[in-house]
Structure formats: C-alpha cells, structure tokens
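In what comes next, chain A is part of two complexes: it sits with chain B in the first one and with chain C in the second one.
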Partner chain A sequence: MQICLQIFFDSLLLIGLYSIGALGFALIWGVLNVLNIAHGAFIMLGGYLTFLLWRNGLDPLLAIPATMAALFAVGWLIQRFLIDYVVSGPHSLGIALTYGLNLVLIGLALYFFTAEYRSINLPPYLRGYVDIGGAKLTYVRIVIMLIAFFLTACVWWFMDRTELGAAIRATRLDMEAARLVGIKVRTIFDLTTGISAMLAGAMGGLIALLHSASPAMGDQYLLQVLIVTVLGGLGSIAGPMLGALVLGISTSLVSNLWGATYSTLVGATLVLLVLVLKPSGLRGRAFYEA
Partner chain B sequence: MGASPVSPGAPDASALLSVRGLDGGHGPIQVLADISFDVREGEVMAIIGANGAGKTTLLRILSGLIQPMRGSIRFAGREIAGSSSDEIVGLGLCQAPEGRRLFSGLTVEENLRLGSFRRRDKSRRVVADALDQVFAYFPRLAERRGQLAGTMSGGEQQMCAIGRALMAGPRLLAIDELSLGLAPVIVEELVAILYDIHEAGTTVLLVEQDVSVALGVADRALVMQSGKIVLQSSPDELLADDAIIKSYLGG
Partner chain C sequence: MPLSAARDRDGIVLALLVLGACCLPLVFGAYGLRVATMVAMYVALAQSWNLIGGYTGLISLAQPAFFGSGAIAALIFLVNGAPVWLAVLGSLGVSLAIAVMVGAPTLRLVGHYFVVATLLVSEALRNLVLNLNAFNFNGGISVNIVSKVGLTALSPTTYNQVFYYVMLGLATTAMLAIFALERSKWGLALRAIRDNQRAASALGVAATRLKIAVVLASAALVSLVGTAWAFWIGTVETNEAFSLTLTFEIIVMVFLGGRGTLWGPLLGVLVVLFINETIGVELAEITQVVSGVIVVLVVLLQPDGLIQIFRQGPRAFAPKTLAANLRRYRVR
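Then we have the complex of A and B:
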C-alpha cells in the first residue's frame, strides 16, 4: 500500500514536469517545424535564473513567474534573430543551429557558474511534509505538482479557447491560409517560441527547487522531453500529456521497485517499443486537436 | 464598350482596385506580363481563362502572398504592391483561395472567427454580427459550426472559405475558382448566394475556369491567356462572339 502511494505521488510529480517541458517542445516542432535542441538550454537557463533570483533575496516561488517572463523574452528574441533564418530551410539546418546554440549556452553556464550543482535552500513554509498512508509527500513536491498542472491547464486554455491560440493552430495547419486571414506568421513564430521557452523555464525553475541547477540538467531533461514527445506524438496537447503520463508512471514504478539506476533505461526501452510497434506515436494524429 | 484589347493608362482614381503594368511570377519565373485593369466599387468582375493562364498567380500577388516584380496595385486609394498580406487584409481585400485552404483541424466556427483576425473593432458584438451574417448566407455552416472543417463536403468547405473571407468585412471579395470540383447544383446555390453578397454591397472579383458560371454573374469580364489580359468586355459581348470563346477559352 505504502509503495503504491509513493509510486502514485512520484508519478504525478514527473507527469507534471514532463508535461510542461514536452508541451513547449512540441509547440515549436509542430508550428515552426524545427526540432529545437536548445530547449534543453532553455530548461537549464530557467534553473539558473530561479537560483540567481533566490540568491538575490527573492522568494523561490515568486522566482518561478519571474523566470518564466524572462525566458519568454529570451525565446521571442532567439526566434526573431536566430531561428527565423532557418524556419523555411531543411530540418538539418534547424537542428544544427539549435544544437550549436545549446552548446554555447551550456558553455556559458559552465563559465559563469562552474559545473557545481547549485541548490536552493527552501523557505520554512516549503520544508514540511505530510504523511499519507506511510508515503512521505513533501510540501515542495505538492507545490511543484500544483504549479505544473496549473501551467498545463493554462496552455490548454490558451491554445483551445483564445483567438491567439486558434491563430497558432491555424498557422501550424496552413501557413499560407493563415496569411490570407491576416495573421502575421512571423509574429506567431515569435510568440510560439516565447511560450515554449517560458514553459521550459518553468520546468527548469521547478527542477532547481526540487533538486538543483547544473549545466548538465538541460540535456538530461531534454532527453526525457524527447522521449515524451516521441511517445505521445505531435499535433495535440493530449499527445505530450499522454507521453508524460506513460513515462512518468513507468519511471516511478521502476525506480521504486528496482532502484533509480534502472529508471533511466525505461524511457529508452519505451521509445524503442513505440518506434517498432507504432511509429506515429501512441496517439499520433494528422490533425491538431485540443 | 466593345470587345477590345486592353490599353493601360494612368490609374483610375475612382476605381476600388486599379492595377497597372503588373509583372510577377514564382521566384525567377515570370508568369504575368504587363497586367492592367480596374475593378470599380460595387461591380462583379470576372477573370476567365484556361488553366495556367496566370489567374491564381494574379490573385496571390493581389493578396500579398508573392511580391510583384514590377507595376502598381492601388486598392482603396493606397498603393499595396509590396505590402504584407495582413496589411492588405486589413484594408479590406480578402480572398477565398483556390482549393479552399480551410484550417482542416479547426472547427467551422473557429475557421470563421479567424476570418475576423485583422478587424480593427473585434468587440464581441461586431464579430457576433458578422458571424450571424455569414450563417444567414450559409445556414448549413450554422448547423455544422462545431464540426472539423476538413470533414465537410467540398461545397460546404467552399461556403466556409467564402464565409471566412466575409468575416473580415471585406470591401473586395476575391474568390479563386468558385466552382472547381463542385456539383452543378451546389455551384448554382453558391452563385445565388454570391448575388446576395454582392447586393449587400460587397465588390466581387471572381476568378473562374468555367466560362458559363463566370459570365452568368459578372458585370464585366477579363480574359487572360499566357499571363496577359487579352480581352476586357461585358459578358454579353463575350458570349455573343463564338470566335472569342473558341480561341481563348477552349470552349
């Protein structure tokens, strides 16, 4: 019973974190048709920014929205002045550019922060835990879960219920028709990348709260995000969330039953299975659906 | 006015759309050469011509999807050659493109609402009124407002495409291939609605391969061949002249 609950809570946490990371990643992939490797660096930037804001006296929970706002601007600018030049080019160009960008940003992080793990001392109100049927659930984990699920709901609402969200989906489906109704496609690209980076920043900030910030964290979580995206398929909000669900549950199952060492194997195994058995992803559909 | 070759002159200041000496094409390949014509406020102008005459290229240039190589396009008193699509839509030149080009994974209502994207006044009431107006023209769209646009029949999709263009409150509604791929009954229905839209005060530029459809609705018609305008006339005169129909339209 106790281990079942522990697995359940661990799963919820991972599902929340993977969801926001993968939603952002899938947005750029779907709308700009760019496989954004620098998403990892965005996650890392989010982690360090939250850490820095905390070290300068900001409450870590307030640092999260501030980090998101900053990462939104970073994403917007990086699209406008870098990615925009490769959007209509071949896939390899986009991958090469964002891979390079990722290396540069990781290099800068190593230079300014060294390879050391930077962790945040939680304020008193985040330190306790509740005991539910023998499973320990710390306050900080509860808060992270709530923030992650709240952000996921916000993305769904924005994409499904607002005119700008509809414009993003329209641009993804038919760029030229989008132009014909008067949508500025380039601005939609800027906005999409901004939102994507903002979500990556939130993921990074929450991970910094939970564990720590380090130069390697981006690549480590980019891998999870990639796995989630492959599992869930593109073109919907439900896709990445389903992927997050599958990876989150199986990872916490394996790490609770056999130890964390084996949990890194889970994602790779799942991806192999999906690629062999159902290459379009667990859900992969041609249309965008909310 | 007889069925005469077109001679360009100074832009007609009274016309809603005035094109002069327009050259254009795809990348380095020139398709259109020296296109000049006017569309007057309140008329239905048809552009007819065989497949490959450059009709769609012309509309794509008018909507700002491709930039012209040379020439002038004046719309509603402003030069729009070189303007971006969203500026052109904002001025009121809206297009229902060839092949409908609906957002197939969005619902009918979402497609229509996106038509109002560039409206200056996007208050709830204005958009709701526009939506009601479109549903009044096309009651079938009202029935299917929650359906994914890509799952409708060709005729319904054409209705949705015209409706989407109307949602911007256009001064000039350009329709590329109204009848293409549609059953004659549906085309008749669409033409009847097009009359209503025109009666309500919208100027219409209709690009058509089907001569009988085009000449049935139009006040004036242009005939295009190999990227040039070869004739400009009233439909009656065009229809009266078998030689013209045979030589330019393959009919």
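Then we have the complex of A and C:
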C-alpha cells in the first residue's frame, strides 16, 4: 500500500514535469517541423536562471515566472535570427542547427558554472512534508506538481480558446492558407518557439527546485521529452500528457521496483514498440485537435 | 570537366592519398601516429554515416549501437577465451543481427520519427548493456584486453603501427565504397530515394531493399571500427563505447565537409580534428562552444559544406554567395 502510494505520487510529479517539457517540444515539431535538439539546452538555461535569481535573493517560486519570461524572449530571438533560416530546408538542417546551438549553450554553461551541481536551498515554507498512508509527500513536490498542472491547463486554454492559439493551429495545418487569411506566419513561428522555450524554462526551473541544475541536465531530460512526445504522438494537448502518463508511471514503477538504471530502457522499449505497432503515436492525429 | 574525367581524377587522388598515408609511420612519431590513427578512424565512421545520412538522407542516430556492440561484443568474446578472429567475426555478427532487428521496423518510419527511433535504439542498447550481468561481464569490463589480442610480443611502437594500418584499411574501404557507389547506378538510386522516395519507387527503384542494404553495409563498417578501437585502446567503458557524442561529432564532420560527396567527410574530419588539436583538451568547453558556433555558421551560410570551395573556388565564400545561401531556406 505504502509503495503503491509512493509510486502514485512519484508518477504524478513526473507526469507534470514531462507534460510541460513535451508540450513545448511537440509544439515546435508540429508547427515548424523542426526537431529541436536545443530543447535540452532551454531546460538547462531555465534551471540555471532560476538558480541565479534565487542566489540573488529572489524567492524561488517567484523566480519561476521570471525565468519563463526570460526564456520566452530567448526562444523568440533564436527563432527570428536562427531557426527562421532553415525552416524551409531539408529537415536535417534544422537538426544540425539546433544541435550546434545546444553545443554552444552547454559549453557556455560549463565555462561559467563548471560541471558542478547547483542546488537551491528551499525557503522555510517549502520544507516539511505531509504523510499520506505512510508515503512522504514533501511540500516542494506538491507545489511543483501544482505549477506543472496549472501550466498544462494554461497551454490547453491558450491553444484551444484564444485567437492566437487558433492562429498557431491554422499555421500548423496549412501555412499558405494561414497567410492568405492574414496570419503573420513569421510572428506565429516566433511565438511558437517562444512558448516552447518558456515551457522548457519552467521545466528546468522546477527541476532545479526539486533536484539541482547542471550542464548535463538538458540532454538527460531531452531524452525523456523525446520518449514522451513520440509515445503520445503529435497534434494534441492530450498526446504529450498521455505519453507523460505512460512514461511517468512506468519510470516510477520500474525505479521503485528494480532500480533507476532500468527506467530509460523501459521508456525506450515502449517507444520502439509504439513506433512499430502504431507509427503515429498512441494518440497521434494528422494535425492539432483538442 | 566531363563526369568521367572527374571520376578518374577522384580515383587518382584517392590512390595517391592512400599511398601517402601508408608511408606516414616512416615520418611520424608516437603522437603523430596516434592522431593519424584517429583521423583514419573518424574518416571510416564519417563515410559510413555519409552512406546513410548523405546519400540516402536518413539521419540515423543508431551508429552508437553498432560501434558499441562491435566493441563490447568483441571484448566479451575475448574475455571468455575466444580467439581474435572469432571475436572480430562474432561481434560483426552481433552488430549485423542488431542492424536487421533495428532496420526492419525503423526504416518504415518517416521524418523525425526515424531520427528519434534510432536515437532510442542506441540509448536502449546502452542501458541494456549497462545492466547486463553475464559472460564475465557486469556492465563493463575492467580487464585490459591488450594481452588477449595476441600481439603482446610487439613493441608499443609496432603495436600502434598495426592499429594505424587496421584503421587505415577500414578508412580506405569506406572511401572506396563511396567511390564505387558514385560510379554505379546504386548511387543514383539512393539519391533518387533521398530526394523523392515515392517518385523513385514509381520508377522501379527497390527503395526498401536498397535502404536495408545501406544500413547493413554501414553497420558492418561501424562495427568493425568499434572492434578495432576496442582492441587498440584495450580498456573500454560501456558509456564511451555507446556514446552518442561520437556519432553527433561524426555527423557534424559530414555536414561541415559536405554530405553526399566523396571528399566532403574527409575534409570535415580534418578540419574538426585540426581545431580540436589546436585548442586542446584542457579547454574542452571552449572547443565545444567553438565547434557549436562553426556548426551553426556552416548550416546558415554554407549548407552544402566546405567542399563547395573546391567546386566553386573562392566564389564559394564571396559575401554575395553567403547571403544567397542564408536566404535559401528562409521562411518567406
């Protein structure tokens, strides 16, 4: 019973984190058809930015929105000045470009912060835990879960209920038609990458709060994000969430039962099975649908 | 220049290069030979990837699976007392078996799904091997297998020379494979698949069969390089053998030089290794930033690779050409 509850809470946390990371990743993939390797670097930037803001006296929970705003700007600029120039080329160019960007950002992080793990000392109100049926649930985990689920809901609301979200969906469906009805496609692209980087930044900030920030964190979580994205399939909000659900539960199950070394293996095997059996993902659609 | 003349010239240059490389141990010291062996190894790996990524257009990240299985399986064979020839053939067999298992399902995938699937194959295999507890292997082997390769009687210098020639042989094989491909109808068929698979199939190109053949050929070469690498350095760490970084490095070299060409990957290997040797390993993060910046610049300004300078001359780096390259794939 106790271990079941522990697995349940662990997976809730992972589902929240993976969801926001994968939603951002799937957005760029879907709208721009770019496999953004630098998503990992965005996650890492978010982690370090939250850490830096906290070290300069900001409350960690206030640092998260500040980080997100900064990453939104970073994403916007990277789209405008870099990714815009490869969007209509062969898709290997986008991979190469974002891989180069990833190298630069991780190299800079190594130079300025070294490979050391930087962790945040929690403020008093985040310390402590509640005991539910023998399973320990720390306050910080509860807060992170709530933030993650709140952000997921925000993304759904934005994509589904606002005019801008509709414009993004329209661009994704048919770029030329979107242009014809007066949508500024380049601005939509900037916005898309901005939102994606913002979500990656939130994920990184929350991870820094939970564990620590390090130059290697980006690549490590990029792998999980890839697994989640392909598991769920593109084209819907529910897709990445379903993927996060499957990966979150299997990861926490496996690491609680056999040990953490098997979790990537299980995730990767799941994805390969899904790709073989249903190449569009568990809940894949041809285009964005709520 | 007519096509046949260009091909004859390619053949002559290649023969001269190999001949020159064979004489290198006469002039190089230990350090120079080590670098030369690295160059040969990277050329072999780069051309194997060029076969898949450059000519067929499949951005495969499954190379670590073949390199790692070639290295680790050979180690396991040796540690369990198998002779060297069996270790080489056995590990080749393991890699080819993996290639068949991986190739059949992943080659049906399109676009980014193929990239992700091959990446996950490598990562899954790495984690599988890390968790492997059998055949005197516990996620790694701490034994130095140099003594088991059967060349202990040799002096260190001769030992290194042996592996230089092994790597050179593999690199030459890879270069010759691409050279032969450029002269055959299969090269044209592969490019047709890369540029438009549906049209190629409609014209009677057996796309799937060709793709599987290319994956197998590439896997075999990479696996042999992995085995040679393991024998050369002696102690092999699992994470290093299955390292994705190596494959990304290789891809960067191919992109930098010019994918889908005979000389591009060689050029890319030389440029990147030269930069790495110049900046040095003490400043690893600077090397990383510099190579990242180079990748970004090449993708934006010279997407066909540095090989263009040999095709167009200095015009390839004229501001006007660069500006046109920058605009080429821009969103309108």
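As a convention for this text, the second predicted complex is superposed on the first by the 290 of 290 C-alpha atoms of A that agree within 3 Å, B and C clash if a C-alpha of one lies under 4 Å from a C-alpha of the other, contacts with A are read in each partner's own complex, and residues count from 1 in each chain.
The working rule: contacts are C-beta pairs under 8 Å (C-beta built on N, C-alpha and C of every residue); 3 or more make two chains touch, one makes a residue touch a chain.
Computed from a predicted model, the values in this text were never measured in an experiment.
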> Who does A:L5 touch here: chain B (first), chain C (second), both, or neither?
Replying inline: neither
> In the superposed arrangement, does A:L35 touch chain B (first), chain C (second), both or neither?
Replying inline: second
> Does the superposition put A:A66 against chain B (first), chain C (second), both, or neither?
Replying inline: neither
>> Contact-wise, after the overlay, does A:L58 reach chain B, chain C, both or neither (first, second, both, neither)?
In response: neither
> Given the superposition on chain A, which partner contacts more residues in chain A: chain B or chain C?
Replying inline: C
> Looking at the overlay, does A:L103 come into contact with chain B only (first), chain C only (second), both, or neither?
Replying inline: second
>> One more residue to check, A:V181. First (chain B), second (chain C), both or neither?
In response: first
> For chain B, which residues are in contact with chain A within the complex?
Replying inline: 63-65, 84-86, 89-90, 94-95, 97, 101-106, 110, 113-115, 117-118, 122, 148, 150, 164, 168
> Which chain C residues qualify as touching chain A in the complex?
Replying inline: 53, 57, 59, 105-106, 108-109, 111-113, 115-117, 119-121, 123-124, 127-128, 130-131, 248, 251-252, 255, 259, 284-289, 291-296, 299-300, 303, 326-332
>> Can you tell me which positions in chain A touch chain C when the two form their complex?
In response: 29, 33, 35, 82, 84-93, 95-97, 99-108, 110-111, 185-186, 189, 223, 226-227, 229-230, 261-262, 264-265, 268-269, 271-272, 275-276, 279
> Can you list the chain A residues touching chain B in their complex?
Replying inline: 163, 166-167, 169-170, 173-174, 176-184, 235, 286-289
